[in-house]
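I have a structure here, written as structure tokens, and I will follow up with some questions on it.
Note that the chains are named A, B and C in the order they appear, and that numbering of residues resets to 1 at the start of each chain.
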Amino acid sequence: MTPVLEVRGLTFPGRGLNHELSFSVGAGETLVLLGRSGSGKTTALKLINRLLEPVTGAVFVDGEPAAGMEATRLRRRIGYVIQEIGLFPHFTVERNVGLVPLLEAWPSERIGGRVREMLALVGLDPPAFAARYPHELSGGQRQRVGVARALAADPPLLLLDEPFGALDPVTRAELQREFRALTERLRKAVVFVTHDVREGLLLGSRIGVLAGGRLVFLGTPDEFRRSDHLECRAFLEAL
Amino acid sequence: MNLFGFYAANVRELLQLTGQHVLLVAASTGTAVLIGVPLGVLVSRTPSLRGAVLGLANVFQTIPSLALFGFLIPLFGIGFWTAIAALIVYALLPVVRNTYVGIVGVDPAVREAGVGMGMTDGELLRLVELPLAAGVIMAGIRVATVVGVGIATIAAAIGAGGLGEYIFRGVSNVNYTLILAGALPAALLALLADALLGAAERRLVWRR
Amino acid sequence: MTGCRSRLALAGWLALAACGRSDRLVVGSKNFSESDLLAELVAQQIERRTNLSVERRLHLGGTFVCHEAITSDKIDLYIEYTGTAYTNILRHSPIADPDSVYRVVAAEYAEQFRLAWTAPFGFENTFAILVRRADAERYGLRTISDVARVAPRWRAGFGYEFLDRADGFPGLARAYGLRFAAPPAGMDLGLTYRALVEGKVDLIAGNSTDGLIAALELVALEDDRRYFPPYQAAPVVRMAALERHPMLAQALAELGGKISDDGMRRLNALADVERRDIGAIASEWLASNLP
């Protein structure tokens, strides 16, 4: 079965990703990209949805080469969640969540229904939250909306860049647990970037460790715990 | 003759000159918005143009208005069109600069999220950047309008009409009532424009 | 004795400073080129015939601005026209005889403002109601009465002073029954010629001695109802200045009657059509006419 995401030989020397990066992610799998700041993990993520264009290598989504698609069409098939969240402050929660369906010209009743479904999925009571504005929400609530937004058009692939990093520990733990349950249920392919090894071990079906622009480890959480690699040991010591 | 007596005796002329004045300002500011907002958008997309465009608009701003009217007479002749051309030039800088600043000031996270989710440049501009920049752009329009009301009084020197006619007649014949008869409505127009556009501006500004 | 000597020096300097003002004359002019030209001519004449130095304040403004300036001692001399003073400053109804106008004006200026009128230059510069030659031929226009026929379809443009003067547009419109399609456009006087040529307006009030009339193919209409009073140009000077400087009166008198209508037109053409420097025009004229 073709993996949802396949990445072969990617480099981007301008940001330190000098060594060819290759991996694949299947439906229902979460690949955690773990690394220190500056290790190239965010760069790797942006190469997938072409916010950065790879210097070498290729990306395939559902078997289709990403380079051959129009960038906006590619991105609408990928859910994208960032640490700063980036909700549109002048849109209600409902309009924020329904953004990609709106861009894809879904009929409005279908958008409405989908938005309510997504809000319920992320634990936000639709009648209470749909008409609110982002500035009226807490950080945790905002990031739930961010996730709902990423899922609204039912993309097969999700990319997340340290999505819970700016939240307090209690909220963070809550969202981590809910996220894990959600993605397992929905059978999404997920690439999740983080520097938090605990988060990585909790959420990842596999863990990829980036150090100095190179993928130095790729394996299951158990393999990670037993690994001798210096970088893995460094992270484990930080637990 | 006192001022109110003068107005009472010349209602039609006062209304006519005020109407000319409003037309001069409205037409020129409106055109400046039609030219300036797209120009500001262009500059926000092409940072290399910023120095040239904003710099040029800045230079125009420093030209004394009577001199600019004089320069444009060979191009557009005496009267209305020269005045409009000059007033457009003066309205451009606030509009272009504020459009640029407003768009560039949009939260980078909002822009990254929008692009990352697959918005085209046009969709980003229409749905995100322009609505969020609208308050700042309106502030630029407000400044351009208020400045335009003042500069339009000079238009009377080149035969374009407006409330400046009273002022020039008054200065020519050392008639203080006449000078005031022109200056007072012009000042009131400026205040009115400032108040109305200021209210519109406040309604368009988005708090984060 | 150094204290005494320095006090004496100080007093000397103060006296000299007070004399400084009295050795200098300020000459002003109205805001059109003929006025500037004549003022420059008078200034140079004073400088070559007396030991006075002359400060020029040219292109000050309209009639009333110059009148304010001279009555408040900001300037000592400017060129005025008898008819202008008669109807606008002294507010008399116009009469036709040039000599009577001059006499009344000279007497009343001396009495009311302590200003003296010296000898007129010898030409008259009245308002010239101007139209384009093509229009004059097409509609058969020779007099201002003729224009009253076509006025309802025409636009007029005037300088700001003419718009409001007692002997300006309002009186003219009444005297000839002139009614235009719209109220006349006001603009800087110098621009009215351009507006007429460009077709923005169809009738303007220029000066009869303007150099541009022939050059721009314009026609001056005859004042058949004798609406305008005579306008003879002469220097108006503060009596206090004449009393302090005896040579001044003689220098000014020498200019009397030396410029004809055509002579003034030629000088204006040099300035407005050929665009020569007025300082040069004035010194050349003085060299050839008053060596």
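Heads up, the rule we're going with is that a residue touches a chain if its C-beta (ideal position, glycine included) is under 8 Å from a C-beta of that chain, and two chains touch if they have at least 3 such contacts.
Note that this is a predicted model, so its numbers are computed, not measured.
Contact topology of the protein chains: linear, an open path with no closing contact. Legend note: the chain whose CA centroid lies nearest the centroid of all displayed protein CA atoms is B. Taking the mean Cα position of each chain as its centre, A sits at the greatest distance from subunit B.
Note: centroid distance subunit B to subunit C, computed from Cα atoms, is 40 Å.
Each chain gets one centre point, the mean of its Cα atoms, and the points for subunit A and subunit B are 47 Å apart.
Subunit A and subunit C have centres, each the mean of its CA atoms, that are 85 Å apart. For subunit A in complex with subunit B, the touching residues are 49, 51, 71-80, 82, 84-90, 99-100, 103, 135, 146, 149-150. Across the complex, subunit C meets subunit B through its residues 61-65, 68, 157, 159-161, 163-165, 183, 185-188, 191, 194-195, 198, 200-201. By the touch criterion stated above, subunit B contacts subunit C in their complex at residues 13, 16, 73, 77-79, 156-159, 161, 165, 168-169, 171-175, 178.
Within the complex formed with subunit A, the residues of subunit B that make contact are 107, 109-120, 123, 127-128, 131-132, 206-208.
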